[in-house]
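I've put the structures underneath this note.
Both of the next two complexes hold chain A, though its partner changes from chain B to chain C.
On to the complex of A and B.
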């Protein structure tokens, strides 16, 4: 007999991976498919401990290719299915997740970025931005939330399920090894008690009734014989994605209006930016901060406004220009100077950002 | 000076095992005792004591943990128990053992030579009631029961910087209820140095309060 899940709203102390497992429960996820890789392992550990208690399922597959395809299969069977991975596991998952893009499957994937390329470190990086936003042989028709700590991991994992099932695009929660392993307090809650309606999944295959008589046949394809046919299908998806982009894009900004320089970062690095902006402003420097929360789609109009009204931005990331490339595309044509602080695979502290800002403003 | 003190700290992931072990070792060292602090974490090795070794040695502890240059792959490639850790119970002085998390972490004690028959060994489970996996009496009882031999519970209820005296005391009551069902003693309540000062030498149930200085923010995670 499984217990009924009751999540009382309260402050708790957890590691980031546990937060994801609890958030998936709170979001009404039915099943996780996964293959172990550090630093996401405890998502699987905690989900597989909690799942039987609440009548949920877990399947460990033989590799990440299989975990990705099984997640797609779970979704097609009408289950809220998710997976989690990192690093070279993310690389393997691109094939099934590109299929999910093609078939408009609401998969939810949590990526806890580790160092790259290849096996590299098990620890931390922001080097999976390109892979998560644009991986796969397609056009990147996917939604990516970049979180900056445990409350974000909880909120956006819940949001990811709803968004995926509402718009039917593969959705990602992009964390990193630091967020996965670090411990901090957060508020857990039952989303329905906060007025968030959890969308019910419905099956793609095995529906009631005779196909062709009672309902249209269920035909989901990742193969197209004719290029015209593919073009029509892709353009329809691209139009859908562009239509929802302004509606779903999210960002956070601080003191951007009267700033001389704005520091742009995403994810955990933005926590260092918040601190740096505070310190620099105390020293009388007109500095602001901007954080895209969705890396795909980017909050393009806000980035446009930012660079049009500014002389300088500083892009800071634990990668060698992955978010910077996305930003430059959104900022194309602006006269704003783009400065950088790139530290691939290592953490960035507020002090380093402050030093770089002072160097630029000298 | 009382006899030899041997304590192993086990518990849930992020329950505060390393913090408890370090602070206990330092408390004993401050009393002028010879203390060995041993890293037995094979579940997620190298992350807690390894980066703090130098600082802790400087504070007078004999730290038995792998050094960075001796490690390979930070755990990804599997972890080997350090021979000195395996034979730690043969050392002179007090022995404080920091283990890995969960049931597997507690099982590491099976690798410790002489653990089954050491007359002084106390295995203590560290509990933070603010962690959802050990939030209720029922959860704590289930968690501790799965861990094999346990000789006592430690209340380490906290919410990092947001911890209040009320929270620590509420944790003490829940841990005590679980301890009663498990027929185990509550060995101590841990609290950040500032809160410990407010609470005083004993918590609301009369358990000893051990002041805690936080070292983990300086460690790996």
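On to the complex of A and C.
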């Protein structure tokens, strides 16, 4: 007999991977399909311990291709299914997630970024931005939340399930090895008690009745015979995605008005930015901070506003220009100077950012 | 007036004739599958998955809920579906390229775990949709576009014994058989037993079906028949290879 899941609202002190497992439970996830790769392993560890207690399932597959495709199968059967991966696993995951894009499947994938390319480090990076936003042989019809800590991991994992089932685009929670492995305090809660309605999943296949007699068969394909046929399908998805982009794009900004320079970063790097902005302002420097929370779709109008009224931005990331490329596209044509602090695969502390800002403003 | 051809009830009639080349084996295998589904009366419980290559042309062939994917990943899609909704009967249909080459790890994984799904691999000894390249199942000396002088076993190995391999690694409860489009009643029987194995919850089931590709083989009807019955039969033995509760059976019925 499985227990009823009761999540009392309380402060806890957990690793990020444990947070994701609890958030998935809180979001009403039914089944996880996974394959080991550091630094996301403990999501599976916690889930596989917790899941049976609450009548939920786990399957360790033979590889990430299988984990991704099984997740696709799970959601098509009408269950809230998810997977988690990192690094070279993320590379393999692009094949199933391209299918999820094509078939508009509400898969939820948690990516805990590690160093790249290839095996690289198991520790940390922000080098899976391009892959997570635009991976696969398609147009990047996916939603990507970049979290900056454990409260975010909890909140956005819950949000990811709801968004995926509402709009039927594959949805990602993009964390990193630091967030995965470190412990920090956060508040866990039952989303429904906070007024967040959890969407019920809806099956693609296996509905009541005999296909052909009681209802038409539900037939989903990835293949199209004609260029025009594919074009029509893609444009319809692209229009849907563009329509929801303004609604779902999220960002955080601090002191951007009247700033001389705004530091732009996403994910955990923005925590160093928050500290740096505080310190620099104490020293009398007019500095602000801007963080896209959704990397896909980007909060493009807000970025536009930001760069139009500004002389300088500094892009800081633990990659060599992956978020900067996305920003430049959104800021195209603006007159503001774009400065960078790129440290691929390495963490960034507030002090380094402050030094870089002072160098630019000298 | 010509009499209408007898189609399985589980086939869609509104989009026939089907899309396969004349002489292709897929239509025959899928007719056997349709008959098996009809006889077991499971049409409302089946989800049919097909793969990339010629098998994808069956994405709207049945009056069945259907998913089409590629690279032998139909196996994990069906695995994921079955794990999520055990009451569904999940069938993964693919060619020998998807099943035994690019997606073979999924077949191995599913068989090892005794996933309660049914995999059907159509073996026509080559990649057909892509224009007739060498497959793991290509016979020694057989000419394809990527072994134009004939497959050299010294350089590229021997025909892959997929059904025997799966039989060797699958736990008890699994059902493995090899049929052929040259023996349709037998093939239908194997498909029925494979599906029954899933219905009864015993475990994994695999049916390899020897198939024909006169387009890429460049064979006429007589030579096509001979290729299946003589050339292929020399390497791929028809019969039940693994039956739940029984020791590994000797192939060739």
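Just so we're on the same page, the second predicted complex is superposed on the first by the 355 of 362 C-alpha atoms of A that agree within 3 Å, B and C clash if a C-alpha of one lies under 4 Å from a C-alpha of the other, contacts with A are read in each partner's own complex, and residues count from 1 in each chain.
Simple rule for what comes next: contacts are C-beta pairs under 8 Å (C-beta built on N, C-alpha and C of every residue); 3 or more make two chains touch, one makes a residue touch a chain.
Please read these numbers as outputs of a predicted model, since none were measured by experiment.
Aligning the two structures on chain A places chain B and chain C next to each other without any clash. Of the two partner chains placed around the shared chain by superposition, neither chain B nor chain C is touched by A:295.
Number of chain A residues touched is higher for C, counting chain B against chain C.
By the touch criterion defined above, A:205 reaches chain C but does not reach chain B. Measuring from the middle, so to speak, at the Cα centre of chain A, the directions to chain B and chain C differ by 100 degrees in steps of 10. Of the two partner chains placed around the shared chain by superposition, neither chain B nor chain C is touched by A:259. In the superposed model, A:92 makes contact with neither chain B nor chain C. By the touch criterion defined above, A:182 reaches chain B but does not reach chain C.
Superposing the two structures on chain A brings chain B to within 23 Å of chain C, judged by their nearest Cα atoms.
Chain A uses no single residue to touch chain B in one structure and chain C in the other.
Chain C meets chain A in the complex at residues 10, 12, 43-45, 47, 52, 56, 59-60, 62-71, 73, 75-85, 88, 105-106, 108-109.
Across the complex, chain A is touched by residues 13-14, 47, 73-76, 128, 130-133, 135, 158-160, 162, 221 of chain B. By the touch criterion given at the top, residues 11-15, 18, 22, 38, 42, 45-46, 49, 119, 121-123, 178, 181-185, 188 of chain A touch chain B in their complex.
Across the interface of their complex, chain C is touched by residues 30-31, 33, 57, 59, 61-63, 65-67, 69-74, 76-79, 81, 95-96, 99, 103, 203-207, 209-214, 217-223 of chain A.
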